[in-house]
């Protein structure tokens, strides 16, 4: 069994944003030499997500508005977590909707994807350096 | 390490619906010959889900109503994604609540399930052929 | 390839609650002898979750209030699932928001975690014994 590990670093300049990280994950897969197996891609921070969906700016705008409706950032004081001095409680909630991680099949050295699947880093408390873990196991 | 791959095809005749796909995944596991490992089952389309819950029609009705409340289909024009000519933005949102994929343990050649766990395909933009990927790795 | 399996049992004394199960999962990893691979941790029941987030009581209070707003327990009769004699339909909904499972990388015999990641059992229909599955594969 082969195993491979890499950390990807991001610094999203706004509080929230989505970044297509598919090319970096493909690069990891190339480096790993794995042709059959599984790739795990997970946020290492708890106010961020990794998810798979469409690379369409209108949709990302819809996600932003929808998540803000489901778990609004303001008023800060509505969340008990923010009594600790943080202002990111909403980010912990939004991340649960969008998910921490994806697991993707590796077949014949490629990410085994449907036609529109792309991997995104979802940031809900940005303006600082944060990490995603890529772990690949297989043969 | 053994690895196995199969695509399952579905054509749900309505916009939304849930299909119990546990028997097909069990068939895949039989074919794979894997006795210890992991099964990944994921929607290959981005307006569909794979999730594990109860095979109870009342519950599926509740999911339908609840998801429609969290991310309503109408009015179409409320979503910027639909400016692209699509009418399925709500499906992209609903799928994030229900999830893209499940990972299930394989123990002693069986899906290692609790008493009520069943795997479902969740369709949020149906009336066309769409795929689920089953990938199994192990020994 | 090594594989390891263990069931963890919980009896949360209230209807809903969150339990940090990271120490038990670390114990499983020690017992498994796996140094490189993947850990799957999943609820075996369909009104419970396993998720990764922060071990901060204020945040858990926020999750509780937020989930109760997204999928309220009362009135019981609003859910068709409860016509079966159950009163836990809301638990099946809440569990979809928080997720069934997590997959965690194993690197150098450790759970490969970011600074604040902790694994929780999320109970949405407690006051009885329920199980979590830990499955580890790797080398």
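Here the chain labels run A, B and C in written order, and each chain numbers its own residues starting at 1.
Heads up, the rule we're going with is that a residue touches a chain if its C-beta (ideal position, glycine included) is under 8 Å from a C-beta of that chain, and two chains touch if they have at least 3 such contacts.
Here is each chain with its UniProt name: A, B, C = Secondary thiamine-phosphate synthase enzyme.
These figures come from a predicted structure and were not determined experimentally.
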**OP:** Could you work out the angle of the rotation that brings the CA atoms of chain A onto the matching CA atoms of chain C, rounded to the nearest 5 degrees?
**Re:** 120
Original post:
Could the interface between the copies chain B and chain C be described as same, meaning over half of its residue numbers are common to both, or is it different?
Top reply: different
Original post:
So how far apart, in whole Å, are chain B and chain C when each is placed at the average of its C-alpha atoms?
Top reply: 20
**OP:** Pull out every residue in chain C that's touching 2 or more other chains.
**Re:** 1, 38, 70, 97, 99, 103, 137
Subject >> chain C residues within the chain A interface of the complex >> reply: 1, 36-38, 51-54, 56, 58-59, 61-63, 66, 70, 97-99, 102-105, 107, 112-117, 137-139
Original post:
For chain B, which residues count as touching chain A in their complex?
Top reply: 1, 3, 5, 38, 40, 42-46, 70-71, 79-84, 89, 92-93, 95-97, 99-101, 103, 131, 133, 135, 137
